[in-house]
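I am attaching a structure below and will ask some questions about it afterwards.
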Amino acid sequence: MSPAPHDVPPANATFRQRVRCFFGERLGLESLTALAAKKHVPIHRATVFYFLGGMALFLFGIQVITGILLALYYKPSPDQAFESVRAIMTEVDYGWLIRSIHSWSANLLIGVLLLHLLTTYIMRAYRRPREFTWITGVFLLGLFMAFGFSGYLLPWNQLAFFATRVGTGIMGAVPFVGHELLLFARGGENVTGDTLARFYAVHVVILPLAVFALLGLHLYLVQKHGMSIPPWAAAKVGGERNVPSMPFVPHFLLRDMVGWYIALGILAALAALFPWELGHKADPFGSAPQGIKPEWYFLAMFQTLKHLPQHVLGIEGETVGVLFFNFCGLVVLLIPFVDYRAAQGRPRHLLNLLATLVVVGFIVMTAWGLLEK
Amino acid sequence: MAELPESHSRRDWLLRGLEVIVAATVAVLLYPVARFLRPRKQMQSGALEVVAPFRLNQLKLQAQPPFDFDGKPCLVVCTPEGEVRAFNAVCTHLDCTVGFRADHGDIFCQCHLGVYDLHGRNVSGPPPRSLEAYKVTLRGDKDKPGQEEIIVSRTT
Amino acid sequence: MTVIPRFLPSMLLAALVAGPVCAADEPPAHKPDEKALRAPALKDKVPLVEKENKCILCHGEKDLWEGERRRLYVSDKDLAGDIHWQKGLRCYDCHGGDSTTTDISKVHSEKAKFLTLKSRKNIPELCGRCHSDINYMRQYQPSMRTDQLAEYRTSGHGKRLEATGDPQVAVCTSCHGGRHHIYAVHDLESPVYPTHVSKTCATCHSDPKIMEGRQYHGRPLGHNQYEEWKQSVHGKALLEKGDRSAPSCNKCHGNHGALPPEIGSVANACGACHAKVAGLFANTQMKHKFEEVGLPGCATCHSNHLIRQPSDEMLGMGEDATCSKCHAQGQHGATLAGAHVARTLRAELDDLSQLIAEAETKTAEAERLGMEVSGPRFDLRKAVDARVNARTLIHSFDPGPVGRALAEGKQAASEVKERAEGAMHEYTARRVWLAVSLVPIAVVVLLLLVYIWRLPIPAATTANAPGDPTPEGRPPDNMERGTI
């Protein structure tokens, strides 16, 4: 395909070519197609990690579509929320499929995002000049976890209600502003219809807008800087310039599509074989169900907080835990600046050790949380 | 698209086949979405509403048995003056299903001889409370009077 | 209570021992006339002024009445709760006598129309003086009944009192609160408040010492009726659930005319509430047989006091079944044909119960899997209603109507079961369609992989360095196909 605009299509142009000329002349799509043609993906041992970003994007797309569909039937009020979800599961045609896909895809998405974070760390993709790509990415991870937390409450069942109560309660453990945070999150002292309305607005309006903005920036930066090549891959062939690559369109995209189709198959299987539970309608005046736990991506934090001692060095245990997690988050956010020697290819043994500890700790605490009754 | 060597017709067919199948899968994906978007039965207004399985003329002709309203039996009666009323047909005494008694013009529970009037008030026998009353709306065609649909909904 | 002059006790002592004593003689301000004694008119009532009711001066002083004479003491507390006192009646309205004086010769004199109660036997008549006079009672409560005394005279209590003057037999004051603290029936303190009636009857009827040796129609009365009734459906309904429609002793035995129903009328007593069942039973051969043989109708199978929630186990010819008690050995002329009917009815009833249980299980399973089954759930109610109807129709002891009711129920239950199974099939269908849908996905994936494998990666490209759009350098030779 030629990048030059067509004023008049050649005489023997096919139908396809005519259509392309028509739009090309008016919309000026050549710049986009030129960009797409320019984009290349490096080929090395860790190329498979490059799929994760696209997979996350695909799953997010699924979330947007299924989320919009669900929003057509969901009613965000305490007396109607549970009923409307029940109606979606049992009365609306294929409602069960859309809802289960939405819930499963949310979990898969966060899993993929965590892997994406981990692999970009491993590949040191945050090196100069890609620090802001990393920073926007970490913020995006936070936004997606907020998506998960806010969406979890919407069915208004027992598990969701009490998990939200516990989760927002933990917010109150932040020193000084904790109580204000709690009031802001809950829309009051307790989890009520106000909380539900708030979470719904956050989940359906605020977070999507924030994510679109930040994601746009993130993707722009990725296009601008191109795909990062890990230092050892470059070293193997004697410099970045020598690293072989494939064009994004169509080669890498086709491989992406394989992954997307497989993901679709997995989601369909999960939705049909393990439909997402409806649960029981929330009873604010009843007692919390036994062994209440948050979703797996919050479980490690929850489990840690659960088993911290009452007081650590005179400060309340929960506050210490919350502060520690916030500190960890801050460090992760600032890794490009902590590992400032990355650009020079200097090793980062301490950071790697800490990272290993964090990952192992996360896995262990999550497993413990899942196994504990 | 990257440059393709000219004479790989097998690859052309592969590509064409792929395009077709991918398009087909996308179309198939749209099928459940399209079905999902179609409105479901019953929920036409905001509150819980059920349309009775009989019309006004049928009710006037013959007393109709209770039908399902939110999992409970709902009895619809027509007074001699022509007013249509609906009640929760579960007897307030020991939960038997009550019925309309045409010869007495009242609502009767045959388990322990409980009697309710056509306002649902317990007038005789063991029932301790009136029957729960529902709201009735008639919806019909101007050119087909008397054949209105009977819509039962909660009062609150 | 006014302060009693110190010399009064000795005065009274003198009076009792030595005859009349001269005391201050005050002219009576109020002389009760003949008619007033019979039924004091409201207009004759004067507001309570202590000095007009001097009876209290002696009879309200506890220390004067020791031992056996304690029964002549009337306390403040008694009168405060007493319905008569609250309505304005005073001592003289029932007892007559001269209340305006403390002259012991005059207060209880015959001239002053004082009514002595020689024994308990006189109590019903004393109460009946007013309570049987509708003209009098109309002044206080127009709709009140005035046949209590007449009924009482026909009752077991009344008849025994008349015949033997038995001091243990119940009289008005035994049940209505006591001699000077009678409560209105609607008063929660009343021993005959609807939920208290049974306990009041039980004070005597559950006491083995009182009931010893007592008989009715040659059979001992016994003392376990209250205990039995308390455990029965009716007792539990009244005492535990507060269901005021449940019968207490008085509902079946009568209030004032208390007598057990005759053998032949037991079914009528039950039928007062259980009309449908009683109606069915009245037309059966069994009823007539029972009457011939002297069996007590409903109570033959259901007991009279310990009436339990009936269960399907009572029906049929099983070991513990009620029917087999007669029909197994042919007692009381019970027939083999009857035994056959019992077996049939039980078998059919069990069939329906089985079907309902199956439908219920299937519906629950479908619901657990997330299928919408509120429709079938509702229709199952029809089957349950049909079963209730069938169980009632059993009292016709006719397989025809019972069979028809059961058939209705069986049809409803089978339909529900079918629909629940349909929901389960839908669930399976989803899995099947899922498997089917994985095929095109697999095909696409396969085709994609083949295409990718066959698509060579352009040889002369290298990774994009920042700001360098043109490829440079030589790629390795194995880049033709099959990489990644």
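Before moving on, here are some points about what is shown:
Order of writing sets the chain letters: A, B and C. Residues in each chain are counted from 1.
Note that in this section a residue touches a chain if its C-beta (ideal position, glycine included) is under 8 Å from a C-beta of that chain, and two chains touch if they have at least 3 such contacts.
This is a predicted model, so every value here is computed, not measured.
Traced through touching neighbours, the fewest hops from chain A to chain C number 1.
The chain closest to the protein's centre is B, with centres computed as averages of CA atoms.
The distance from the centre of chain A to the centre of chain C, with each centre set as the mean of the Cα atoms, comes to 63 Å.
Between the Cα centres of chain B and chain C there is a gap of 38 Å.
Multi-chain contact residues of chain A (touching two or more other chains): 91, 97, 247, 250-251, 257, 261. Listed for chain B are residues 2, 22, 25, each touching two or more other chains. Contacts with at least two other chains are made by residues 437, 441, 444, 448, 451, 455, 458 of chain C. Remark: chain B residues 2-3, 8, 10-11, 14-15, 17-18, 21-22, 24-25, 28, 68, 71-73, 93, 96-97, 110-113, 125-126, 128 touch chain C in the complex. Contact residues on chain C toward chain B in their complex (touch as defined above): 243-246, 273-276, 374-375, 377-379, 381, 385, 388, 437, 440-441, 443-444, 447-448, 450-451, 454-455, 458. Per the touch definition, chain A reaches chain B in the complex via residues 1, 65, 69, 72, 87, 91-95, 97-98, 247, 249-251, 257, 261. Within the complex, the chain B residues that touch chain A are 1-2, 22, 25, 32-33, 35-38, 40-41, 43.
Remark: chain C residues 369-372, 430-431, 433-434, 437-438, 441-442, 444-445, 448-449, 451-452, 455, 457-458, 461-466, 468-469, 472-473, 475-476, 479, 483-484 touch chain A in the complex.
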